[in-house]
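Going in written order, the chains are labelled A, B and C, and every chain counts its residues from 1.
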Amino acid sequence: MAVLRRTARAYGAMMAMVPKLFMAYQIWVWMQFIVQIISLVILVSFWSAVYAGESSLSGLTLAQTLNYIILAQIFAPSTDTNMVFELGYMVRSGQIGMRLIQPLDLQLALYVQKVSEIALAFVFNLPLALIGWLLFRYHVPADPLVWLAFLVSLLIGNALLFCFDWILACASFYSTEVWGMGMLRYGVALFFSGALVPLAMMPGWLRTISTILPFSQALYTPVSLLSGITPLSGMPRIWLAQLAALVALGALSRFTFSRAVRQVTVQGG
Amino acid sequence: MSVIQTENLTKIFRVPQKDAGVRGAVKALFQPRYKDVTAVDGVTFSVEKGEVVGYIGLNGAGKSTTIKMLTGILVPSSGQVRVLGRDPHRERVANARQIGVVFGQRTQLWWDLALIESLNTIAKIYEMDPQRYDQLLEQFVDLLDLKDLLKVPVRNMSLGQKMRAELAATLIHEPEVVYLDEPTIGLDLIVKERMRAFIKQQNRETGTTVVLTTHDLGDIEELCQRVIIIDEGKLIYDGPLSAIKERFGKYRQITFEMARDLDGVDLPAGAEIVTQDGRSLVLRFDRTQTTASRVAAAVMEQFNVVDFSLAEPDLSMIVKQIYQGALHPEAV
Amino acid sequence: MIRYLVLYWTFFKQRIKVLMEYRVNFLIGASSTLFVQAASILSIWVVMRQVPTLNGWAMAEIWLVYGLLMLSKSINHMFADNLWTLGWDYVRTGNFDRLLVRPIDPLFHLLADRFCHDGIGHFVTGLILVVVSLVQLNVVVTPLKVIYMIITVVSGGAIFIALNLITGVSGFWVMDSTPVIRVVFEMHEFAKFPLSIYPKAISAVLTFLIPYGLASFYPASYVLGRDVPPTLALATPVVAALLVFISYRVWLFGLRHYSSTGS
């Protein structure tokens, strides 16, 4: 029990660091807010113009699409699980050695850190949610069950994307030039997560790719529940699929990491 | 004609005053309050062609601010400054052509490129005659031992190598005035020696005027005939180095660590107590009257000494003593 | 003038040598912006293929608006990226003093100090979009139109640089000036689409106040023979020159502040 409490405190201390780091950059938070408002106005104007002559596209009305797009903007930080730069930096600077001798599981520790960063990003998006609502009156469900379904799906989806990103990041043990991969991952995620376009609008082959790739699990799948694109009745099947992917990616990520870490010990640093 | 001339040179910074917290930040936005800080206060001096002047003072005394006004980076709040007959700020570009500056540990070299690339570019920036450049380059490579460094990127150089490269880059365009701001900080003795020799040689052969700020008494002793001492923005001494050395160079300090607390102590003539605190004792003695071994022997005879150390008199110590009233400007 | 061109070439060669020291990073940097641009271009394609027009603009016409803006942006990105870090890398570290003791103009020195290869990705994207658009639309490309577009792109680049310079001068006061620059810079995102899709107030801002629209929407309309006031379509170089003049005055103001405070 005491061990558990101590472990919890250790992870808790790491979590507490995150908001302090954020507040150190207050002016950056404000900038982020204005940048988001700009992109929100662009998205809404764009979609309104798209729907000018149509009542529905791919089965979605303008109201549904806007609802989805605005919510997706608010919850977009869920896909910020890219670990390539962090792990790459640790490997290059040799910090990885220090981190590995800490009495924490590195993957779990960094996951906790990422999740707290993302949770905090959601908090910082609250003003955006408010302004967005004042400007565009998007609709959020009143049914707590929908919220629960959404939160569970978001949590699982985010965790499985983290595992996927962890596998990618392990490449930094083998090559110092992972920067390009990190940028590529960012671009691919932007498109396939559903942050810009609801996946329902994509042509069949692109939809297939986006279902295979894990990015949509952290954003499109939960947000489409919240915005009403996916009915609550589809929930059990989605949860199951997400859980299965999480287990598979989780196991694979642990295996990959344990292999990659050997690279460090072999090279001695 | 004087190369550098300042008259009542003064620099006052307006520093915004802020109260803590959000309310303080808001108040500062609408009702800013300022405090005037005088960094350089009515400094007047002139430097003749070919002089090497040590410009010294404690940290924050106003050395860098003065150098920045002399180089045209900062505008004086009041007073006059003339370098080679020009206002260095108003005629910044013309002034820049004829000066060279080494700013402590900042580099003017291109970090990722071989030294020779940086030197070539600098030659172009200063519009050097290519033939003259080649000639000087050969000379500098020889004097500063840069032969093996020309092809090395600056990022791969040691601190000493970097400083040698920096000196070459600063002097290659044959500036008439060179400002060296802490050029030997952190360098080992051999590199220091080489740099001093180079500066001396340049000064002697080309008549380059040098203004040097440093904490290192060795630099001053090797290079400067004249020192200017500044404290809290005010000029407190301007004169030959020998006068300073005579007055303060003759004192040395010894610190003793005793096995147990001491009460009284008998000292040989010429030695006096600076501080005495429990088991530690700091003495000062006049080198012309006694020696370190005589003082140490006297103390050891009376007490059980655990440890002792002899302090080299450095400039900051001398400046401190001067400021504490040992030497009043009017007394000079 | 010629002296500065020669000097820029010297600095540029230096920079290329540095970039060649890290060849892989060079390639990655030059292509990094492509990935993000590809995501947003692909998204527009996904949507636009389902509808005939966006407020009367066909997809190929939108590529021209988007592409012209990308080209202007790439000029800023390649030649004036150092403005972003004036506060952080130059004023904070004291490196700005180094520029001031050299016998050349400090603004020139600042810009010439770092050619940014990341902008090449934007340039390529923009060029492809413009060419695709003109080919798809069967626009008769006369030499006059080519000259008009080149002038537009260069002027658009100048607008980008001037606006970044005005906001970037804040680096003389606050070390971390990036957010200040970013807030105005981000407005260019509006200009990727025809301004007619936005509320009147926004399109007015993008035309008269932060005139990124003059780098994309108005010239594109002009090239496509659409109904825009010709004064606005031809205003780009004039406005660019005016903004460059204003921004240089602002820069001198910042420089005066720096030389009286040193930070």
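FYI, a residue touches a chain if its C-beta (ideal position, glycine included) is under 8 Å from a C-beta of that chain, and two chains touch if they have at least 3 such contacts.
In this text the structure is predicted, and so the values were computed from the model without any measurement.
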Remaining chains grouped by touching, chain C not included: A | B
{"item": "Identifier of the chain whose CA centre is least distant from the whole-structure CA centre", "value": "C"}
{"item": "Pair with more cross-chain C-beta pairs in contact, given B-C and A-C", "value": "A-C"}
{"item": "Mean-CA-position distance for chain B and chain A (Å)", "value": "54"}
{"item": "Inter-chain centre distance, chain B versus chain C - centres from mean C-alpha coordinates, in Å", "value": "45"}
{"item": "Centroid spacing, where centroids are CA-atom means, of chain A and chain C in whole angstrom", "value": "31"}
{"item": "Residue numbers on chain C that touch chain A, as the complex places them", "value": "24-25, 27-28, 31-32, 34-40, 42-43, 46-55, 174, 176, 178-180, 182-183, 186-187, 189-190, 192-193, 197-199, 202"}
{"item": "Touch list for chain A against partner chain C, complex", "value": "27-28, 30-31, 34-35, 38-39, 41-42, 45-46, 48-50, 52-54, 57-58, 177, 179-180, 183-184, 186-188, 190-191, 196-197, 201-203, 206"}
{"item": "Chain B partner contacts - residues on chain C that touch it in the complex", "value": "3, 6-7, 10-11, 14, 17-18, 21, 93-95, 97-98, 100-105, 256, 259-262"}
{"item": "Chain B - residues contacting chain C, complex", "value": "13-14, 65, 68, 71-75, 77, 89, 92-94, 96-97, 99, 101, 103, 106, 108, 110, 112-113, 117, 121, 124-127, 153"}
